[in-house]
Amino acid sequence: MKKKNFFLNKGPFKLKVFFPNISNNLNIYDIKPLNEASKNELTFYDSINYKDSAKLTKASACITTERLKIDLPNSCEKIVVKNVLFEIAKVIKKFYPDADLDYPDLTAKKPSKSKFPSVKFGNNVLIGKNVKIGKNSQIGSNTIIEHDVLIGKNCVIGSQVLIKNTYIGDNVAIQDGCKIGLKGFGFIPIKSKNFKFPHIGIVKIKNNVEIAGSCTIDRGSLDNTFIRENTYIDNQVHIAHNVKIGDNCMIAGQVGFAGSSVIGNNVSIGGQAGISGHLRIGNNVKIGGGSGVVKDIPDNQVVMGYPAVSIKEFLKKK
Amino acid sequence: MKKKNFFLNKGPFKLKVFFPNISNNLNIYDIKPLNEASKNELTFYDSINYKDSAKLTKASACITTERLKIDLPNSCEKIVVKNVLFEIAKVIKKFYPDADLDYPDLTAKKPSKSKFPSVKFGNNVLIGKNVKIGKNSQIGSNTIIEHDVLIGKNCVIGSQVLIKNTYIGDNVAIQDGCKIGLKGFGFIPIKSKNFKFPHIGIVKIKNNVEIAGSCTIDRGSLDNTFIRENTYIDNQVHIAHNVKIGDNCMIAGQVGFAGSSVIGNNVSIGGQAGISGHLRIGNNVKIGGGSGVVKDIPDNQVVMGYPAVSIKEFLKKK
Amino acid sequence: MKKKNFFLNKGPFKLKVFFPNISNNLNIYDIKPLNEASKNELTFYDSINYKDSAKLTKASACITTERLKIDLPNSCEKIVVKNVLFEIAKVIKKFYPDADLDYPDLTAKKPSKSKFPSVKFGNNVLIGKNVKIGKNSQIGSNTIIEHDVLIGKNCVIGSQVLIKNTYIGDNVAIQDGCKIGLKGFGFIPIKSKNFKFPHIGIVKIKNNVEIAGSCTIDRGSLDNTFIRENTYIDNQVHIAHNVKIGDNCMIAGQVGFAGSSVIGNNVSIGGQAGISGHLRIGNNVKIGGGSGVVKDIPDNQVVMGYPAVSIKEFLKKK
């Protein structure tokens, strides 16, 4: 599945439009993460955690800091700034002026029978332009599917659901009240008026996933948010931007994921647990209910507590 | 109030259809919990916690384990298996093929004035077949009441609410955005495609209950979910399948209940507390905000912490 | 912005209607908090925390206790009772009989183009009487704005949102599924049928605020609920009645606020943290994710844990 353009790209722009002091005046066509950017694309590098990707990036230019620029390849024009996120946000805002807010899709309307002959719809379903829905799928009443969303076959989407900026595989069940593909919680703090970080990523939900009622799943900022195959998610779970959840996971009710964490396969997470941002949780990890996970967890661990520690250590403390 | 059939029962089936090695070839008409099953009904017994009910069951047949079968009466045909839940799930799926997913009620439509002469409806309310709503009740805009739901008199149901598989008493207030009667979070984990546990139970909400905004309440799997009289529930509370909450309880915002726990009368629970599954919380118990309750609590206790302990013990530790 | 009457005031009433033993038979026109009440208005005083306001109140009468009455000015008729909240609730119920439940606004209907020439609406938007929406604002599909709500200019309100009893400034973004202005969780516990505390306060949301998906914000009981300028709130946050959040705050996902707490400016709160009721959180405070705050926090503190303590103390304990 290739990433589509949910947002209109106003590029290309000359690099100098953004950075007049840069001599290299190449055309920039898009902004991508380090590992996805290619020629004539801009990327950013702001944390040593992403050193490996930085070394291999094919981007023609990269916004970074004085300290980190050394990791980037020679082929990449380094743009050294003080606040990497603010600079990249301003560039994205220029390319994608409509991605910094969730402007509702006002073109969504009642689906035509002829366009979706094998899909069953409830009442007052609203479907945007270019939406595709596979055979034998069902969409509950008062649900809104915004433009360009793709939904596979044999899916059951509940009532009062909202889906935008999202690709959904086959045999996926999404229960009532879920809001999927929202702009994430990202902005540059500024007194009196924050600068909103545009979110041009999407949500990808793979085959056989089940998402229970009233969950919220934010789309990626530059990267994407992923829910992989056969993962089951209970009611009122909150999944922030760029989170990647592996195959065969079980996520109990009211769990919350902060942004950009990567969860392995076969991970189970008890109710109300919280996962901080930018973490890596290994495969086959079990996280106890109510835990607060604040650091990476290797494969096969069982953890519990706040902050979460191995179950052995947790029991010793009590 | 007798349990109604929200789901179509495809039975009876001969027991041999499911278990060819069983010599007793009786007709099975339904599947019920241990304490509700009667002649020609199938039940299951998979935890010593339910020994008392096992001894008294009137079911004609019971799926159980080698170790537990001894507790069942002679009159009951014992079906010994390795994975009780998986076997019962497969049987329920055969009886009730439509209960393993929340297929939206596509027949719900605008209510006719003549059918509900004393009920006030907002705009775009959708009502399923055989719904009954008592005198002087009000239903807010964009709310969906699916087929066969019963709502008592003097109820105020907010806007953007969804109710299915549920019986509601009199003088009940349900605020905006609640999703009630959803399929619970139950499945048999299988790599690549989990087996969904069908949910044929319902939600019963008694008189004078108040449920605040954006709560989710799952219906029972085999058993039912109960909210008893005069219990008040704040915003964003999550109540899993089979939970039973007593009379006069106060449940603050964002509390979560895992499946099958039984809460006594006059229980108060502070905000964001979590109650693990299969617990018994006594009468007059007070649970502090943010607590994580992981074991039974006798009557009249005040507990706090994670895991929750008596308030005395909690303060000593600090 | 002056407080409007979302609820019909049935007054004035003679004070004797409620308290036959009081000799002073003045006319009471309204009920207000201590610091807002003026001549011919009734207030209440039930906690020493509000002593400063009590001393300065301009109310003509005040419901209070034997112990607290000494703090009130001579000009104020003291009405000494056992259960202050119950007595004031009964009076408010008489003045505002429709404020003890969220009766849905059944008059809300499709907006007329001529009334909102510069507002963009999605499908099936419902707008109540006397709603005002500023220039260039957008309202997503299936959203309901109940009577008398004011929304400023350049606002983006998502889909499936419900707003009532609320004033919203300019440049405010409210994402999909939020429920704002609901009656809070307040009642006088009575066996078999609690007495619901009427909520006649409103929600005020100032300029440049962003509120992410599926949040719930309750209106004030007597006082109002405030979200001040440039404060950003992530998904699934729960804000109870009378809470006041300052300028430039960042509130991460699934945070919960119990009633009547006052949060300063520039406060950041990590995901899933909980703030107990009636607290004062200073300016520039940072509260770690998952924390449980149970007491006041002075300016500039960094706190963490359950119960939350200074970060230094938290790390020492681990």
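Letters A, B and C mark the chains in the order given here, with residues in each chain numbered from 1 onward.
Note that in this section contacts are C-beta pairs under 8 Å (C-beta built on N, C-alpha and C of every residue); 3 or more make two chains touch, one makes a residue touch a chain.
Note that the coordinates shown come from a computational prediction; the quantities given were computed from them, not determined experimentally.
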Co-neighbours of subunit B and subunit C resolve to A
Turn needed to bring subunit A onto subunit C - CA fit, degrees, nearest 5: 120
The distance between the C-alpha centres of subunit A and subunit B, rounded to whole Å, is 33
Using the touch definition from the top, which residues of subunit A touch two or more other chains? 124, 142, 160, 177, 214, 236, 254, 272, 306
Could you please specify the touching residues of subunit C with respect to subunit B in the complex? 101-106, 108-109, 124, 126, 142, 144, 160, 162, 177, 179, 182-183, 185, 187, 189, 191-194, 196, 214, 216, 218, 236, 238, 240, 254, 256, 258, 272, 274, 276, 292, 294, 306-307
Contact residues on subunit A for subunit B in the complex? 120-124, 138-142, 156-160, 171, 173, 175-177, 208, 210, 212-214, 229-230, 232, 234-236, 247-248, 250, 252-254, 271-272, 289-290, 305-306, 318
